[in-house]
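Same chain, two partners: subunit A is paired with subunit B first, then with subunit C.
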Partner chain A sequence: MAHQAHSYHMVDPSPWPIFGAAAALLTTSGLIMWFHYNTSTLLMAGLLSMLLVMLQWWRDVIRESTFQGHHTPTVQKGLRYGMILFITSEVFFFLGFFWAFFHSSLAPTPELGGQWPPTGINPLNPLDVPLLNTAILLASGVTVTWAHHSITEGNRKQAIHALTLTIALGLYFTALQAMEYHETSFSIADSIYGSTFFVATGFHGLHVIIGSSFLTVCLLRLIKFHFTSNHHFGFEAAAWYWHFVDIVWLFLYMSMYWWGS
Partner chain B sequence: MVCLCTASGAVISGGALGGASRWFRRESGSGGESHFDGNCDAMAEDIRTKLEHYKTAPFDSRFPNQNQTRNCWQNYLDFHRCEKAMAAKGADATPCQWYYRVYKSICPMSWVTTWDEYREEGTFPGKI
Partner chain C sequence: MWRNLLSIRQVSRRTISTASRRPLENRVPEKQKLFQEDNGLPVYLKGGIMDGLLYRFTMGLTVFEDFLFSYHNNE
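Moving on, here comes the complex of A and B:
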């Protein structure tokens, strides 16, 4: 039977899933070795293998879709569901850290001096760099939407400009946030304040980096003519992820930076 | 708060020292409330009576739930703030004993010891 009688994609056998699982095992056990025994070999092996699996797996998805045409509208629908479900799971991930923050900050214990911010903590001024970072991410939300419209309208030059600007704004945010981390008078070890602040903003920063990387891949694909004005789900998925990252920042800003100071 | 006296009497001023007191009069000496009627000597007698009849910490509607940590903490703070304020004014610190009795009743001894040590060292995290 030469052709399929359905619109789904029956994927060819691939080693990446099992290698990805192995990479996850190496990474998690590597984290344990790093935390408890101060050796990072296993962790480095885990992260490296994770990176290689991601590159090769997603390269294969691009080959199957852009070059071999397996991504019918039905397949795309499934991918949309998948991305939405993934982002939903990430929302719950962050919800946990917000829960932890509110648990500790709404009823500060005597050890903290019964107040929030705790005694001795000098929080960052929310109207300083954090406000700039908010503006940067909001602007990047605008530019990514501009890029999307440019793609839909077939305007190649504007699409490239808008997406490049989005990525630049993302990198600017990351650089500023890194500088802020350097400048704080408190560290992650400074009471539950430090823990909640750096774990929540830290994971957010990681997601900004992930989002920026995803957008960069989209930019490269855009330049190489992978997208059509009707079919560019990779870009849409990246744009959704980017908006999610922006919204998480807004909540972080309002609760930890502003209310929490 | 009411009644700012310079003579020795129940001088309680400032928001933090409102404590467990009620604004209305109560008949029985349940040890729960003191009242402010603008008359310092009456108040002074009153607080002494309250202290004499003290049995244990009364219900404080600011802390209605099972976890009474904040109750202990607040009274510990209020006692030391009261002492500090009275000393600054050169007034009688007897009314402060109310907070002392309450925190002694409800705070775990180890907490009080630890907090006293922190105050000694200057590392007490609360605002006194």
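Moving on, here comes the complex of A and C:
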């Protein structure tokens, strides 16, 4: 067995990066085929490949860290930088949609009736389900922090309870939001109001689903004893992502649901 | 408390033979032994037969899709 004189992780050659790139190409071109030619074969195949690559790549990261011990403090520091940079890039992604919203809503055109919400649009009552959703996500931020404290204190049972509750709250939010989507009197095609509303909240909802999935993987790992009280970066990364999702919602709620109604 | 937990494990081992019971046993040391075995296998194949099958299926799917992509874009 070779020994290295440094604390970095020299990874084994892996097929997942190139397969992932291929899957991304197939998914994006599949989207085009679906939008313009009404065929979803390529898209389905692309999404399936993406799922397989993600499962196997992240499975390998768990093997390299928990089972092979490659995640030294140096490596973990790099992973922390990486996660922070990724979340920052997602912040910029959402910033774009907020820019679009404010561009159209601060100076509504005559075509919209010179007002915001535009003439004929009945916005959702911000004090109804959206407020409940706000409470749900804020509560889930508390429960995920509770889970973290339980992990650092070595309290396995409590950590499992808190993380399960966090995921349940996330699922509750998703279900309520899906119901709200069904109940709106306006659609994505209803002027720039519909576009900005559904694209921004839609991408947010997707991120809630991604975050819930990430937390679920962490729950499974927690149950399987993967985390120690001072080494559980996978969980921390999931918790950071979840807080990010919560904060985006708060901005969405304040700007689109409340100010924009 | 730990002794109680151990005794529960003893009892459950005697009465039930499936793995799906509380409390769950810590299998991490077994996995650590498996994945640290000096057999020259890369991490994406080191878990067993299923790894190879899943890898081949993913590769097959991706290559097939590449042909599908070329077909759709070169009509």
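Note that the second predicted complex is superposed on the first by the 260 of 261 C-alpha atoms of A that agree within 3 Å, B and C clash if a C-alpha of one lies under 4 Å from a C-alpha of the other, contacts with A are read in each partner's own complex, and residues count from 1 in each chain.
Operating definition for what follows: contacts are C-beta pairs under 8 Å (C-beta built on N, C-alpha and C of every residue); 3 or more make two chains touch, one makes a residue touch a chain.
Computed from a predicted structure; not experimentally measured.
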| item | value |
| --- | --- |
| Superposed partners subunit B and subunit C on subunit A - clash or fit | fit |
| Contacts of A:Asp60 with subunit B and subunit C, given as first, second, both or neither | second |
| Which partner reaches more residues of subunit A (counting touched residues only), subunit B or subunit C | C |
| Partner chain(s) touched by A:Leu25 [first = subunit B, second = subunit C, both, neither] | second |
| First (subunit B), second (subunit C), both or neither touched by A:Pro110 | first |
| Touched partner set for A:Pro15, first subunit B, second subunit C, both or neither | second |
| Subunit B versus subunit C as contact partner of A:Thr41, first or second or both or neither | second |
| Contacts of A:Thr119 with subunit B and subunit C, given as first, second, both or neither | first |
| Smallest separation of CA atoms, subunit C relative to subunit B, angstrom | 43 |
| Contact residues common to both interfaces of subunit A (with subunit B and with subunit C) | none |
| Subunit B-facing residues of subunit A, complex | 107, 109-115, 118-120 |
| Subunit A partner contacts - residues on subunit B that touch it in the complex | 69-70, 73-74, 77, 111, 115, 125-127 |
| Subunit A partner contacts - residues on subunit C that touch it in the complex | 24, 26-28, 31-32, 34-36, 38, 42-44, 46-47, 54-55, 57-59, 61-62, 64-66, 68-69, 72-73 |
| Subunit C contact footprint on subunit A (complex, rising order) | 1, 11-16, 19, 22-23, 25-26, 29, 33, 41-42, 45-46, 48-49, 52-53, 56, 60, 63-64, 66-69, 223-226 |
